[in-house]
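Let me begin by presenting the structure, written as structure tokens, before commenting on it.
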Amino acid sequence: MTDKFLIATMLLSPLIGFLINGLLVNYNNKSYLRSGIVATVAAAISFLAAATLFLKLLGVSAPEVVKAHFFEWINVGQFKANAAFVVDHISGIMILIITGVGTLIHLYSIGYMSHDEKPAKYFSYLNLFLFNMLILVLGDNLLLLFVGWEGVGLCSYLLIGFWFTDSEKAKAGMKAFVVNRIGDAGFILGLFLIFILFKTVEFEELAKLTYAPELGWGLLTFATMFLFIGATGKSAQIPLYVWLPDAMAGPTPVSALIHAATMVTAGVYMIVRLNFMFMATPNTMMLIATIGALTAVFAASIGLFQNDIKKILAYSTVSQLGYMFLGVGVGAFKAGMFHLMTHAFFKALMFLGAGSVIHGMHEEQDVRKMGGLSKKMPITYLTFLFGWLAIIGTPLFSGFFSKDEILWKTFASPMGSKFLWFLGVLGAALTAFYMTRLMALTFWGKSRVDKSVHVHESPIVMTLPLVILAVLSLIGGWVGIPEVIGHIFSIPNGWEHWLSKQVVDAAAHGSHLEEWLTMATSVILAGCSAYCAYFIYTKKADALEKLKNQYGKIYNIISNKYYIDELYQKTIVVPLVLLSKWFWSFVDVKIVDRTTYLLADIVRGAGSSLRLMVNGNVQQYALYIVAGMVAVLVVILTR
Amino acid sequence: MQDQKGAHTMLHVGLNHYLVLSGVLFSIGVLGVLLRKNALIILMSIELMLNAVNLSFVAFSKYAQNMDGQIMVFFVMTIAAAEAAVGLAIAVAVFKRFKEVNIAHFENLKG
Amino acid sequence: MILSLVTFLPLVVGLVLLFFKSDKFVKIAALLLAVAEFVLSLALLKNFDSTTASLQFVEKYDWIPQFGISYFIGLDGISLWLILLTTFLTPIIVLASWNAIDKKIKAFHAALFILQTAMLGAFVAIDSVLFFVFWELMLVPMFLLVGIWGGEKRIYAAYKFFIYTMVGSIFMLVAIITLMAMAKTQLGVMSASLLDFYKLQIPLQAQHLMFLAFALAFAIKVPIFPLHTWLPDAHVQAPTPGSVILAGVLLKLGTYGFIRFAIPLFPLAVEYFSIYFIILGVFGIIYGALVAMVQPDMKKLVAYSSVSHLGYCVLGIFALNTEGVTGSLYQMLNHGISTGALFLLVGMIYERTHSREIANYGGLAKVMPLFAIFFFITTLSSIAVPGTNGFVGEFLILLGAFKANKIAAALAATGMVLGAVYMLWMYKRIFFGLPGKLLTGHHELKDLNKREVMVLVPLMILIFVMGIFPNLFLDKTKASIEGFLKNNNQMQVSLNK
Amino acid sequence: MELTAADILFYLFGFVSVVSALMVVFVSNPIYSALLLAVVMSILGIFFFNLEAHFIAAAQVVVYAGAVMVLFVMVMMLFDLKREKEEVARFSILTVLKIISVGVVCGVLVGAGAMITGDGMGFIKVSTTEAPPPPSMLLKSDINAPTKQTTNPEELKDEVVEITQNPQAGVEIFTKYTDTQKLSLKLFSKYIFIFELLSVLLLVAIVGAVALARSKGGTHHVTRGS
Amino acid sequence: MGTTWLEIIINTVKIAAIFVIVVSTVPLLVWVERRGPAFMQNRLGPNRVGPLGLLQLAADAIKFIFKEEFIPTKAEKILYFMAPGLTLLPAALTFAAIPLSTPINILGYTFKLQIADLNIGLIYIFAVASLGVYGILAAGWSSGNKYAMLGALRASSQMISYEIAMGLSVVGVLMMYQTFSLNQMITEQFGYFSFLWQGSAVELKFLPNWGVFFQPLAFILFLTATFAETNRLPFDLPEGEAELVAGFHTEYGGFKFNMFFMGEYGHMITSAALITTLFFGGYALPFISPEQVREFWIQNGHTLLGFTGLSMPDIASVLTTITHLVVFLAKTGFWLFFFIWVRWTLPRFRYDQLMDLGWKTLLPWSLVNLALTTALMYFARIVK
């Protein structure tokens, strides 16, 4: 089984699944089963291929990189980009996550989409998404990465706007695509800058070059800056995160796959992939770190008072991504990557859990109308519990290890700073609070479910992926146990070792004591906030009311997402539309058209004024002749 | 032709005198055309202008010793005659219609 | 001999068609002959040798010897694909206008084929006067197409289009004549062929003026920002086939003219004016996109979108580097296909509902899913999503532009975003959401029939093929574009000394 | 050199012609202006005579004074035009403009006329001797008339031969012709085509005049209701 | 035009002399006019006043002078008075160009018996003749009388149309003599009838070398045209007594009427002189050229003028001039008589017949004559 064939199967099986579902399966047939199975099988095949490739890399004597060159895509002038795919240590992990979680989600969505009219279309889009994501991850040059990048954006547009009959959902889809596109525009400029500087866009060749660290605002800093703008667009960071909460309009498995596990992490992957370049531009790194931290805290604060279960999870994703960028920003690429993996597991778990809750509650998403589901949906409750424990960072769970690693690195790394660490810890606390609020409102406490709805546990096909993911979110963390703990139980930090060849982190210096201390503070803080959230939401529901009317104003601001959407609407969208209306009605019609008519009017005007001269009076004609003669004579004689 | 004689040169009739005379007659003709209201008078003024031109032609023909001048006069005459005939015919037609030959009536030809 | 055959076969066909009796027979014959023409042009492609930059299939006969005007036609990398685009689009148009055109069918097909000859002639003509003849000849059938079979204000639009282009081309004629005169003084013999013009040493001042003369004629045709107002009117009023051919090929003549005539002939002027045209190009992109956003009428929206797309082409050309020029040449082909497809689609829906107002559409995807998919693919191509042909073109242009002028490229990149905005917004308003006024009032809208699918499928395939395998097309043009640029900067260098 | 008779006559007739020309324009009764114009034309005939253009002088009198002016007088008499109320348009800005422009024209023409020196300031090519027409044009009778009185054809023959060889001989013969003969020689050699054309012109004028004048309606109000 | 004062004096004398001759012959003609037809119609005619009525003319003249100057009310004053002058002036002027006799050279100074030897003699005569129309028109119109106006119009249109016929008929003759100057024509007509036919000479001894024998057709046309030109009888419609009373000069009486008559007769004399000069050899004796006459007088001239003591050649030239003058007067006298003779024999033409004759017969025939002479001169290379 040559590498080329393996990569080809991994890549093309989702594409084939897409084609089968898209074209062959009759469009509006109801049998979700047939199209679901086709899609899941395609995903599973690509997972197996990914796994074998990963194993190829594992062995001591294994090649570092598995490469497959298909054809030369664009070769114009100095620019050369060919359709070649590479599996190395970084993309190895990524393909495992994508195909693994992807397959689970495909399995899950068979159940979820059981009573939808067009399951075939849904599954074809899902497969197309997998195909694009794989291209993004496996591309051996920036351009191919960009192709995947936009492809993924397109699929998210299709999937978000899946139920297009409702114009709100369609609008959310468009919003997602446009915001992504803004990010992509930034990305492509970054790409050009890199091409200008290094005359190549291949990762291999870029890696070989040596980069002198550029302290000021040189071209390289701009390049990395633009790339980061692309990343914010794709991974929903501060300026361009608005599309993610609206993206919840799509079906839940989509949110799970795209808006939790894979697509949003593309930005982090890109930065990790070009870590050598980002290291050379401290300014950009500092920018990334601050934005990461700010997003974490900001999103978390919004999450506090959201009532829609999926919105809460969406904001938690944004904040967790903030953490990843924080990690990457301070030079802890490996930690960022680690958090990315763990987050994929438990966030996907929670989304699917939420999905099964919604499925059970028959499309009810408002948390205030739930409660006490722990008894009615035991498996979902248990798996969700695992996710909850992982995300708030309880020790032993994956969340703890990855988040702590990032916090420690922000604290210790030269690029990090104490303030950023504090923000991180604050974010962690907030996360713990709103996640426990979520758990309390949905599973614990009195059941506020109204009579008509009779809650039922989701079928096995949905609960199985939940269980697997719960297990993964538990053991996921053990892969990269930080050295400070590991050396006690003599467990090597596999993650560090695995990535060390391709990713060079900033050297963090700090004693073991400090590490323990930071770890302790974050855990304790998270624990307290979790407890008080539990206390408020299960025992003192009424106390909440009192709190609300006391700080009414602040509550309103936060619950309305700081009116960011309205702000964007006012400052960018409306003026743009006005400008174009002005352009069209005024500039186009008035100025440009009028000038052309001006020409015609001049001619007509001249014509009519001359017409008056000819009024039949013969003597006037004679006078004109004589006057003409006089003029000529005068001209000649006075010349 | 240039007389090298004394003061009398001005008086001895040369090409200049004839040209001056023709110029004067021509201007009178133009004046007639412009000022008079009667169509016939205008036609006559035109004839006068043509004659003034003939005079200058002949004067040049003599002083330049070249017969072309006279030939031109010959042609101008025939054309003048034709023109007069047609002009008068029009005047007659206008007179029949308007009972007077004022130039104003020619405006109806404006069309 | 083959090139003249390819150029003048449509003319013969057009005239022959006039003598057929039954309309049905005319349509079938037209289709078959158009396909035959396309196959013939493929022969050109087959034995085109892509290594040399020099002209191929050259034919040169004396036409008006005393002025040195000769019937001098030839082909190189640049004009090869444009010719194939023309011959490729014509059969599609004939098929598309199967029942769109109901009156005077014979005349329509005749005009269409004569137009095709004129366009092919313009692409192959190397002699400037011959080029001018074909350039003017093109106007007449287009005028008829818009004037007779157009919409309500077709006369106005036809006139505006005609006079606009005519005024521009007058200055070009003056420039050609001065060049011929210069050829007489500098080369001894008066000649109108382009190759001789290349040898001329034109003084700086003259270069500026003549370049502007040529540029004006081509700017109107492209159209570049201030001179574009004829395009929306012409497109809105033109019948579907008319606007497809207009957008598909006629606009390309402007940019082709720049590459073939304006830039190589006056390198110094190009060097001087290139920054202005880059600004105009970028402004065109943004202006076109913005104005397209607020258009109530579908066709007008697509018309302004082509202003924006061709803004990219102009940007690419005046970047004056291999990537830019290749990109703009590629963008010309893409625009021909994607905008052509868009017009065909709009035409099809117009055939059914006779209304172009976007407002009274909505929720069409549920009723006509196949149409929705085709429309979506075309939208993707026109937004330049990777994997479609649009992306390759735009990417190369932006790359070239970036090498020439960073800020302009940055601004042009916003064009990508704006493009997505107006196309997707239109797509949403038409296809998604609740069924609009039209659907409720209308009887059940039938989805695309077999003929319409046959019209669109080749275009869709081409969109993806050109997107994924651009090298098939680009390596044919590589040598000619290198030649074009080398000649350009070599002239610049030599004249600068 | 004191005044010759010709000079005196020139000034006399010049003055008379200018005065009568002015009266032609400004006299109120058109008949008198017609007659005065006839006088002017006859005076011009005399001037032509002075300028040795005898045939043209006679033609002038015959054609202009004799025929054209008679035509005018006849037409006026037919119309029975009496004194006109106001012959010159009332005084208006236009009239002033007209007078000024005529003044300028007259000034320029007179000035130019006076300034022209003998050689016509290069405007007119003064040819020393009129170029003789081609020998073929010289009628046989011309050749034998002045030089040789012999009537036998042989001598005449060599006369013709002589002229054809060296054109100079032709020139002296030519100078002995009267101006009328020179005029006719040139007219019928160089301008023959125009001469024929003029005949066509006259024909057209005649037909035109007749057609125009014969338009219906009488010249005077018909008392009897016809 | 002589440039010295002496010549100017001689010229004025010459003009006065010839004018007197013309004016004095007019009453003689009137007398002939009244006595001749009377003799033809076998009646007496005026014979009361003076012998054979000769003094009758003086009586008429005096009568005209003393008649009352009568001016019609509606007449145009100025034009009314100018009209007779306008008719008389051209008649007198035309006579200046006619050569009466050979030039006299006395005391070393040659003295031409002709006011102006113009080399355009003939056209000059036509030119001045054409001015005659003005007089008639002015008379007719200014007298304010409808009939006078009609008469004037008829007369002028008749004169103009016949002027053309006369002009064209003369062209044949001119082509033969190849000159306009009358003197030249007369010198052409000396001796006996001879011309060159294709280079070889042809002579007919029995005929004088007169124009009439070369151009008979031209002579007839010219004769009829002159009749019409002078409004003589067959064509005297303008004053046709029966219809228009006196035609254009009905309103004129007294001396003005007399001037009209003098104008008419002056015109007649000139026409007769023209006929003799053009067709009958002018003052030359048939068969005898003036040189021979001079020789004759040199031999026996002394007997007549011996007493004056002049040198022989002077006497001879005086005598030859006188003889030629007598010959000229005889010939012109004969043609004048012919005019009067025709007046009393032929009936008057109707106006349309008059016009038809003028335009439809005279004109075409003169063109034929013109064509004929051109053909003969060119093809047969006839040289006079």
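Going in written order, the chains are labelled A, B, C, D and E, and every chain counts its residues from 1.
Keep in mind that, in the parts below, contacts are C-beta pairs under 8 Å (C-beta built on N, C-alpha and C of every residue); 3 or more make two chains touch, one makes a residue touch a chain.
Being a predicted model, the structure only gives us computed values, none of them experimental.
A.B. asks: Using the contact definition stated above, find the chains touching both chain A and chain C.
C.D. replies: none
A.B. asks: Compute the shortest path length in steps from chain C to chain E over the network of touching chains.
C.D. replies: Each step joins two touching chains, and the minimum needed here is 3.
A.B. asks: Which chain's C-alpha centroid is most distant from that of chain B?
C.D. replies: If we average the C-alpha coordinates per chain, A ends up farthest from chain B.
A.B. asks: Average the CA atoms of each chain to get its centre, and name the chain whose centre is farthest from that of chain D.
C.D. replies: Checked the centroid distances; the maximum from chain D is A.
A.B. asks: Comparing A-D against D-E, which pair counts more contacting C-beta pairs?
C.D. replies: D-E is joined by more C-beta pairs in contact.
A.B. asks: Specify the chain with the shortest distance from its C-alpha centroid to the centroid of every protein C-alpha atom present.
C.D. replies: If one averages C-alpha positions chain by chain, the most central is C.
A.B. asks: So the centre of each chain is just the mean of its C-alpha atoms; given that, what is the distance between chain B and chain C in Å?
C.D. replies: Going by mean C-alpha positions, chain B sits 67 Å from chain C.
A.B. asks: For chain B and chain D, what's the span in angstrom between their mean Cα positions?
C.D. replies: Computed value for the inter-centroid distance: 10 Å.
A.B. asks: Report, in whole Å, the distance between the mean C-alpha point of chain A and the mean C-alpha point of chain E.
C.D. replies: The separation of the two C-alpha centroids amounts to 130 Å.
A.B. asks: For chain A versus chain B, what separation do you get between their C-alpha means, in angstrom?
C.D. replies: Distance between chain centres: 99 Å.
A.B. asks: Could you list which residues of chain A touch at least two other chains?
C.D. replies: In chain A, 619, 623, 626 touch at least two other chains.
A.B. asks: Could you say which residues in chain B touch two or more other chains, in rising order?
C.D. replies: Correct list: 30, 34.
A.B. asks: Where do chains touch, given as pairs?
C.D. replies: Taking the chains two at a time, the touching pairs are A-B, A-C, A-D, B-D, D-E.
A.B. asks: Please output the residues of chain A touching chain C within their complex, sorted ascending.
C.D. replies: 27, 71-79, 143, 146-147, 150-151, 154, 157, 161, 164-167, 170-171, 173-174, 177-178, 181-182, 184-185, 188-189, 192-193, 195-196, 576-577, 579-581, 583-584, 587-588, 592-593, 596
A.B. asks: Under the stated contact criterion, what part of chain D meets chain E in this complex?
C.D. replies: Where chain D meets chain E, its residues are 4-6, 9, 29, 31-32, 35, 38, 42, 45, 54-55, 57-62, 65-67, 69-70, 73-74, 77-78, 140-141, 144-145, 151-153, 156, 178, 180.
A.B. asks: For a test of understanding, state which residues of chain C touch chain A in their complex under the given definition.
C.D. replies: Against chain A, chain C makes touches at 160, 164, 226, 228-229, 287, 290-291, 293-295, 321-323, 326-327, 363, 365-366, 369, 380, 385-387, 391-392, 395-396, 398-399, 402-403, 409-410, 413-414, 416-417, 420-421, 424-425, 428, 431-434, 468-471, 474-475, 478.
A.B. asks: Once bound in the complex, which stretches of chain D touch chain B?
C.D. replies: Within the complex, chain D touches chain B at residues 1-4, 6-7, 10, 14, 17-18, 21-22, 24-25, 30, 33-34, 37, 40-41, 44, 47-48, 51-53, 55-56, 59-60, 63-64, 67-69, 71-72, 75-76, 78-79, 81, 84, 86-89, 95, 98-99, 102-103, 105-106, 109-110, 112-120, 124-130, 179, 182-183, 186-187, 191, 194, 198, 201-202, 204-206, 208-213, 215-219, 221.
A.B. asks: What residues of chain A sit close enough to touch chain D in their complex?
C.D. replies: For this pair, the touching residues of chain A are 619-620, 623, 626-627, 629-630, 633-634, 637.
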